[in-house]
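Both of the next two complexes hold subunit A, though its partner changes from subunit B to subunit C.
And then the complex of A and B:
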């Protein structure tokens, strides 16, 4: 029996492994290799010339290349941190709201929340750019109703990045809410019943039972939210073009501009490697944080 | 409290006490706020697509179009080739989805039901790619696809996405639940492995296949970065999401609001309609894909 399907292993695995190998793993290895080369994206890989760590010195240096990259790096870090800080608590709150009413109303709410995740980011960006419009947009009109002054939103360096964070949170929070609901269903009912009998108040139940038992779900959510956040591209490419004055220049947009549009493949690859290393560090830090909490 | 202490709550309510409280009003209000906040941008989009140009430019903004018109949709059709763009999106999303289903079923079956040297290592390597943001591999990938002669073509958009780690992961999870006896019995009868996969294993995991198909279709209908990069301005091949950007550059400013909203409505419709009819599969597959607290 064992021998009869030995050959089939390779029949079954070859399509997926070959495709992922050629179109993801090979480019990954090439990105690392190219980060150490002087190479134009318009020429073949054989024209690459080894220059050691020069690309990295350049992107962390004091020239305009270094300034732009460091700006994009900081913007991406802020954008990512704000997204995660807003999405995680919101998803827990919304998850509890849906799960509390595990009936028709809850399912409807879950569907409405999740539906925004189906909307193409490009449409989200277009629609929100009009909602944010300082004069003809409804957001400033609504702020006026409650006696607040209008905001410049996407048109000012001080508010543009956070405005993009908001539209990202709006689009993604439903997905993370569904993850939280999945986590909540794993918590044994008996724990709440016992706490209830002991006279624990709702907020005590939340901190003593719900939050600790959601920790692994929240760790997973945080990792996914970080990976999603560094991919922000459409609102920047379409609406702000990195501006005003570089305030929304984020890494996915910047790396593509340098590596594809300006064809500086070596520099772009060094930026991509830096992004990947930073992601690995952040993800390890999240896991370490979760583990320390587990040991407490 | 003393009188009710012995009545443990039997319904699945986390915070709620047995008797309805004023908290219920707060909960209902919160739910309403959430629904309005989720739906508002999309409702605004549809409403604006039916406004006249004058209405979209009015300050303060007009909420409801006084005499709804299809003018904006007519204008969209004058700026971009809507039919062609929708067709390109459909080709990209459905061919990619078919490829992902095939490669994921095959690899998922191998990882779930075969024992072979290096199985865990290979699986881990593939799964790791799930956490790689596409920008990290974009530059060499662009060059590789170019050297295959596929730049500026739908083939170049589709080919690199025909297999992905999420699909393999999802299929392995679900195929692992198919009884070995069923597979062994077919082997005794002399069925080939491919035949076993497609006539016995696949029919047992239809819900997972449906979920993966929907996810893949919506993801690739919506995807922007890779098609934009590989199509290099060949607007004949643009999917609808990329054609939309041409509406924004048309008559830049408030003048194009209706146009942009009409275009966005057209692009949003297919994934949203799929979701409305099949939302159970989407949600269940997230819950079932192994995120177990």
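And then the complex of A and C:
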């Protein structure tokens, strides 16, 4: 490698590396540093006092701080798992449906599905909070028409979180369907024709061709779905405020409450670092799972 | 030729007017509030009125939902770009003052406030003897009940004791019709904690005394037990109690639509009830909080709001802000010796706290709905304003909600509430 070539590599890389360093790596390093400090968000960094791992011991401890954090962590894990479990199969199903070339109005259906993703969350939250109204909401009225009793939806700790998951699935499934459709276009038709000649039934074609060849698309979808779900904030802030009984108190909302409302910057940073580490572990696990499948 | 001279004169006039125009926009101040659009419009009208005599100050108003107010203050309020003025809940003051987000009131303003407001209200707007805000509204809790539902259930009048309260709640409950006797509130810290605290003080108890939580007292234990009894008897349904970020939602809908017989709420929700109920608002009456077995007389909880000035704002902005606030809350900005602020508050059914405003609105405060609140004000206890108060309040909210949904017993709720409160207040005091 010549000197001029090495120099040009540095020139080309420096802007991107500098931007990533300033706007991504530096804030991450700062958050990790703050998680080891006793610090109020309303004071300068010079007032931070090093306390080692005390913030982490506190958030996993038995006081109200620990109890609330662990509750928010579990809520976030449940929300994320349910969102991914519902979104991925639904997006594959809808993608297969819309991708059928001989179905009239396929493009229109794609547009309709994707449109939910473009609606601002404030509008979604307003509408869905009314849809879920136990006394006057259309959902309970529809359940009444088929003889089923009304559900408490957002008004019960047993159903509030799943109600927020449904809202999320409704809004996001269109986006993931478009990803699946893009994946389906990459599968050669000749494979299906060969399978058809060999007498493979549609469900056999799905399990032997479609699903294996969609694996990379689904891995990407799963990663994005996990990241989106972990970052859930707006529906909780706009509709439930984390309640009832903390049943919808997710980590982003809780970190905002601790770090900003209560100005407990050290504790908030420890919670953010824990969330970041958990997310990294989950994403690595997903990639490891996909790699093992590839090797099989 | 004439056109050329006309242009020259116009340019000359424009150049001469420039310094005046620049001076007219010299100081820009902003006012952060959680009020609804119609109330914001009234505040903007008052600002326009102020600008007539103070053309050098321009006031803009910005509103956020109540649920976002503290976050907005915390994240933007302390900097030079944050709102110059903010309306805040007294519980937040100690920490905002500790973090130097709010400026102490100038001597002239402090002297005026100390002379024109009741001492208790002044003390809620002060930290360590220093006044930080001009008080405006005072809110107190009382029992609201639906007279039509009471008549249907054959109940002659509002309950005076807890036994009568439980009895009335049971008679008012019609599960098949989706009707509950007593409406609790959840998913909103003040909506959960204030009614509970009102029952607690009406039972002779206290939340905090001398900075120490008192939730392990006999009176507190009886209050937790009252909640458990009401839930177990089916007289109160937590699924009908949810509130949203705008402090509305099913708990309000159920009371407005006649599905809730009684509820403990503050005077400020008069406008929400009038809007939701129309003519049926005349069915709603106000009564003192029923007295518990350990209480001696009806008591309730009160709290106040105030306007504070951003300590990070420039000197000219701070000066203009205090001047505007002194005018807005002064006895000459409204009709008949009232303040412009009192007129805005009364449009929402909120009690003003300035002594001269209470006199100016004597007739309106004597309405059937508000007079019930005014009558309990004298025996109301201010909600404790302590460091860590917001966290304490949110923690107690979680415990009471767990009790509402049957996730803990009254005894465990009391133990958890006291343990959490001790830990939170001790940590905050460090």
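Quick note on the criterion: the second predicted complex is superposed on the first by the 267 of 296 C-alpha atoms of A that agree within 3 Å, B and C clash if a C-alpha of one lies under 4 Å from a C-alpha of the other, contacts with A are read in each partner's own complex, and residues count from 1 in each chain.
By our rule, a residue touches a chain if its C-beta (ideal position, glycine included) is under 8 Å from a C-beta of that chain, and two chains touch if they have at least 3 such contacts.
This one's a predicted model, so the numbers in the text were calculated from it and none came from an experiment.
Residue contacts after overlaying the shared chain place A:94 against subunit B, while subunit C stays out of touching range. Applying the stated contact rule after C-alpha superposition, one finds that A:262 touches subunit C and leaves subunit B untouched.
Look at A:154: by the touch rule set out above, it reaches subunit C but stays clear of subunit B. Judged by the touch definition given at the top, the superposed model places A:86 against neither subunit B nor subunit C.
Applying the stated contact rule after C-alpha superposition, one finds that A:63 touches subunit C and leaves subunit B untouched.
In the overlay built on the shared chain, the residue A:133 is in contact with subunit B and with subunit C. Judged by the touch definition given at the top, the superposed model places A:164 against neither subunit B nor subunit C.
By the document's definition of touching, both partners, subunit B and subunit C, reach A:41. In the superposed model, A:240 lies in contact with subunit C only, and not with subunit B. Taking subunit B and subunit C in turn and counting the residues of subunit A each one touches, the greater count comes from B.
Contacts of subunit A with subunit B, set against its contacts with subunit C after fitting on chain A, overlap at residues 41, 133, 135-136, 237-239, 256, 260.
For subunit A in complex with subunit B, the touching residues are 1, 4-6, 8-9, 11-13, 15-17, 19-20, 22-28, 30-31, 34, 41, 44-45, 94, 96-97, 99-102, 105, 108-116, 118-124, 126-128, 130-131, 133, 135-138, 141, 144, 170, 174-175, 178-179, 181-187, 189, 192-193, 196-197, 199, 202, 205-206, 210, 213-214, 216-217, 220, 223, 227, 230-231, 233-234, 237-239, 251-252, 255-256, 259-260, 265, 268-269, 272-273, 275-276, 279, 283.
Residues 67-68, 70-71, 74-75, 78, 95, 99-101, 178, 186-188, 238-245, 249-250, 253-254, 257, 259, 390-391, 394-395, 398, 401-402, 404-405, 407, 420, 423-424 of subunit C are the ones touching subunit A in the complex. For subunit A in complex with subunit C, the touching residues are 40-43, 63-64, 68, 129, 133-136, 152, 154-157, 237-246, 256-257, 260-263.
Of all residues in subunit B, those touching subunit A in their complex are 1, 5, 8-9, 12-16, 27, 30-31, 34-35, 37-39, 41-42, 44-45, 48, 56-61, 63, 102-104, 106-107, 109-110, 114, 116, 122, 125-126, 129, 131-144, 147, 159-165, 168, 184, 187, 193-194, 197, 218, 221-222, 224-225, 228-229, 241-242, 244-245, 248, 254, 257, 260-261, 263-264, 267-268, 271-272, 274-276, 279, 282-283, 286-287, 291-293.
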